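Two complexes follow with subunit A in common, the first pairing it with subunit B and the second with subunit C.
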Partner chain A sequence: MTAIVNEFTKMRGLRLWPLLVAMVLVVFGGTALGIMSDPEFDPGAPGAWNHPLMGAAMALTMFSPLFVAVLASRLVDAEHLANGWLFSATTELPAGRLCRAKVVALGILLVATTGTGYLAVPTLGSLVGIEVPFPLGRWLGYGCCAMVIAVALLALHVLIAARFEDQLVGLGIGVLGLLIAAASQFFPTWAGHLLPWSYYALIIPAGYTADALAELPLSYPSIAALGCVVTALFLAATGRLDRKEL
Partner chain B sequence: MSSIVATTDLTKRYGSTTVVDGLDLAVPEGSVYGFLGPNGSGKSTTMKMLLSLVQPTSGEVLLMERPMNRATRRGLLAHVGSLIEAPPGYGHLTGRENLRLAQRLLGLSERQVDQAVRTVRLQDHLDKKVRNYSLGMKQRLGIALALAREPRLLILDEPTNGLDPAGIEEIRELMRRLASRGTTIMVSSHLLGEIDKTATFLGILSQGRLIFQGSRADLFQAATPDVVLRCSDPPAAHRLLAARVPSTLTGQELHLAGLGDHHVAACVDTLVSHRIGVFDVRRREQSLEDVFRDLTAGGRL
Partner chain C sequence: MRTVRAETLKLRRSTAWVVVLLLPVAVAFMACLNTLTSGEPLEDGWHTLWVRVAGFHALFPLALGVALLASLMWRPEHKGGNWNALMGGPTTSGSIVWAKTVTLWLLTLTMQAVLLVLVVAVGRLAFGLDGFLPGQYLVATVVSGIGVLPLVALQSALSLFVRSFAGPVAIALVGAGASVVAQQMAGDLALLSPYSVATRTLHLSSGVFGDAGTLAPGIVTLLVGASLAWLLVINTVGARVLDGRDVRV
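Presenting the complex of A and B:
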């Protein structure tokens, strides 16, 4: 717990606020675009909520991979610069435990920020006068799945940033991940299970079929499996880091 | 005097490279133990093994007469402060915020932190960001972080690295104050002049082996300074003695290396018996640097 509180102290002065604000604005902007981009949008139509849902999902898919990479890089790089790994080890906080504390602290920030941005769906939908009942279950379902993927990516990026002192490595992987997430919409379903970034394609809440924007099923079992596998791998990797000599 | 740090046959190998070889350290409690050695001699690796940051390949570490292992590590390190490699400090945070991080992790009181800060005389700079500290201030912050837990043993790895003379004097003065309060200090350096002024016991490492351990007086006794001899015919004297003893002719002086007193007397006898007048026989004054260089160049004692 103390280690997690310390991570929030370390975040001061790292200028994360512009990034967090940008994340919220991007999701709001994406949601608005989802509504305005269709000239035939009808707030009274049964599938009206698909527009803001799809807009928010596109924004999260496009922005989260890079957002997560930058967050992880900023907080982990502070340890490289401050000789923090060695100092923490002498205070009985080995590298693995430190990484776990960083994922928890950044995860809280990530969920809070993304959740705030995701409120754009009911907010903007109500503002434009969508009349049909709000699909709360579907909205929550997509939100939770997107958070699981984002936190899984966060865990991966914390490990990459800890392993490679040159933060360009992690940021480069983040950019690559963004491209994979964007392109994965066109992957076959089985290929969407290959890489963490491609899981975004498995949870797109709405998409264009032959003639209209329709609701798409969310792949909950796949996301649950991703969460379990990444958690197990992360714990194994950080356990190894705990025993690594400095 | 009991040893606060004792190692038995401490060895560390990386692959086929032996970095530390069979160290039997004994750091007396209450001393300032100068841990000397050229770069790459294994000083930092040894200190990391004492702190359990690196696992020994073989041998044992005893801190405060208890073996260092996974079970005892936490309890032992609570009494040990350290500054290894570069001083720690998050540059984007103030000195005060950096201390707060350590305070939370170690469960320290405000009194302990405050006392550590006053000991290093950093109280007027706590609200500055560490990135704006001078190197000396960063070193002092690192030492404050090590001191905050009121350790019985302080392990400092080259604390004066990169400091200007004023900064070096500050650290030296700090070590003297800490030692006078009974803290055992183990300080490594390749700045021999600094160790000479501060340490009461010395350990000299060369290529991973401890080639000397003892007091400063013991070290000078163990080392044999050159004999400098002036005579009436230096070239003839050199020709006469070079066949029997290591001899070099420098200007008008003959330098005889590694001779005990009886050998010196024998050399004088030889010269006199060959009708070479002996004007002056004396031992060359050696600084710790001279002794250290001689010892580590040959790896001998």
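Presenting the complex of A and C:
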């Protein structure tokens, strides 16, 4: 618990709040674009909520991979400066435990920020006067799946940033991840299971079929499997870091 | 000239070349993979290929690539006592700002050239397209060499004043995203953003994101004028602010 509180204290000096505010605005902007980009948008149509849902999903797919990489890079870089890893290890906080604390702290921040931005869907949808009932279950379902993928990517990027002091590695992988997330919408379903970033394609809530925006099923079992696998791998990797000599 | 030469010498052992070569390869590879896995042919040959590769590259990867290169270029100056050495030396602030901008611009031009070569190679080898890339896209690539100047100047200025490596990259992502939205909603008014100028020039004559699909002299003149105006403003302000900065204790 103390380790997690320490991480929040470290974040104060890193000035992460502009990035967090930007993320919220990006999701709001994407949701608005989802509504306004279709000239035939009809607030009274049965599938009207698909527009803001798809806009928010596109914004999260495009921005989360690099956003997560930047967060992880900023917080872990603090340890590379002035022997932070060694200092923490001497205070009974070995590298693996420190990484776990960072993922928990950043994860709380990530979920809070993304969740706040995701409120754009009911907010903007109500503002433009969508008349059909709000699909609460599907909205929550997509939100939870997107958070699981984001936290999985966060765990991966914390490990990368801990292993490689050069931030170009982590950010470069973040940029490549962004490309994969954007391109994976056109991959076949089996290919969407190959890389963590391509899982965004498995949870797109709405898509165009025969020139109409229709609801798409969310792949809950795939996301659950991703969460379990990444958790197991992360715990194994950080367990190894705990026993590694500095 | 000496300051530009000094900056290019620093690139010799830099990892900037990884970004210059790898980013266009990643973009071209993704576009190629998408087309092949979808099973659908390129409906309009070279035009469809250009839109999928260069059109997408202009949206986010270009801004992110320039941001990474700028952060890499300024990183040595923010380490140890290098900032004090830089500020205490005989080189003027204006020379430093312009030299960094020119060097970053040369790296970006190289990245654009690599992308162009890849589009042609992918078209001929992967999809068996006949002929060559239409001349309008070669012109668009040349014009984009001027069009990236505002983006280059802005990212260089951000990396100059923000010591964090990741911060300017995050700003580039948000800026590029906001510019895409602005182009959809406000058309040419979006040229008030340096990110939009870079995106717009690479989309010239492609017919996407508000482009008319033709290479009109009016829009080319507007884009070149906007690019040079932005470059002058950003670098003049950057040099002035840097003049007022002191050494770090």
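Criterion: the second predicted complex is superposed on the first by the 246 of 246 C-alpha atoms of A that agree within 3 Å, B and C clash if a C-alpha of one lies under 4 Å from a C-alpha of the other, contacts with A are read in each partner's own complex, and residues count from 1 in each chain.
In this section, a residue touches a chain if its C-beta (ideal position, glycine included) is under 8 Å from a C-beta of that chain, and two chains touch if they have at least 3 such contacts.
This one's a predicted model, so the numbers in the text were calculated from it and none came from an experiment.
> Based on the superposed arrangement around subunit A, label subunit B with subunit C as either clash or fit.
Fit.
> Looking at A:A183 after the superposition, I want to know if it touches subunit B, subunit C, both of them or none. Which is it: first, second, both, neither?
second
> After the superposition on A, what does A:T90 contact: first (subunit B), second (subunit C), both or neither?
A:T90 contacts subunit B only, not subunit C.
> Considering only the touch criterion stated at the top, classify A:L171 as touching first (subunit B), second (subunit C), both, or neither.
In the superposition, A:L171 touches subunit C alone.
> Touch test for A:V128: subunit B only (first), subunit C only (second), both, or neither?
A:V128 contacts neither subunit B nor subunit C.
> I'd like to know which partner A:L233 touches here: subunit B for first, subunit C for second, both or neither.
The answer is neither, since A:L233 touches no partner chain.
> So, A:L81: does it touch subunit B (first), subunit C (second), both, or neither?
It touches subunit B, and subunit C stays clear.
> Have a look at where A:L19 lands relative to subunit B and subunit C in the superposition and call it first, second, both or neither.
second
> On the superposed three-chain arrangement, identify whether subunit B or subunit C touches more subunit A residues.
C
> Let me test your reading of the model: by the given contact rule, A:C144 touches which partner, first (subunit B), second (subunit C), both or neither?
Neither partner.
> Rounded to the nearest Å, state the minimum C-alpha distance from subunit B to subunit C in the superposed three-chain model.
Minimum over all C-alpha pairs of subunit B and subunit C: 6 Å.
> Is there a shared patch on subunit A that both subunit B and subunit C touch, and which residues make it up?
After superposing on chain A, no subunit A residue contacts both subunit B and subunit C.
> Can you check the complex and tell me which residues of subunit A touch subunit C?
Against subunit C, subunit A makes touches at 19, 22, 25-26, 29-30, 32-33, 36-37, 59, 62-63, 66-67, 69-70, 73-74, 77, 166-168, 171-172, 175-176, 178-180, 182-183, 186-188, 191.
> Which residues of subunit B touch subunit A once you look at their complex with the stated criterion?
Interface residues on subunit B, with respect to subunit A: 48, 51, 53-55, 73-74, 77, 82, 84-93, 97, 100-102, 104-106, 129, 145.
> In the complex of these two chains, what residues of subunit A are touching subunit B?
2-3, 5-6, 9-10, 12-14, 78, 81-84, 86-93, 245-246
> Name, in rising order, each residue of subunit C that touches subunit A in their complex.
Residues 15, 18-19, 22-23, 26-27, 30-31, 33-34, 37-38, 56, 60-61, 64-65, 68, 71-72, 164-167, 169-170, 173-174, 177-178, 181, 184-185.
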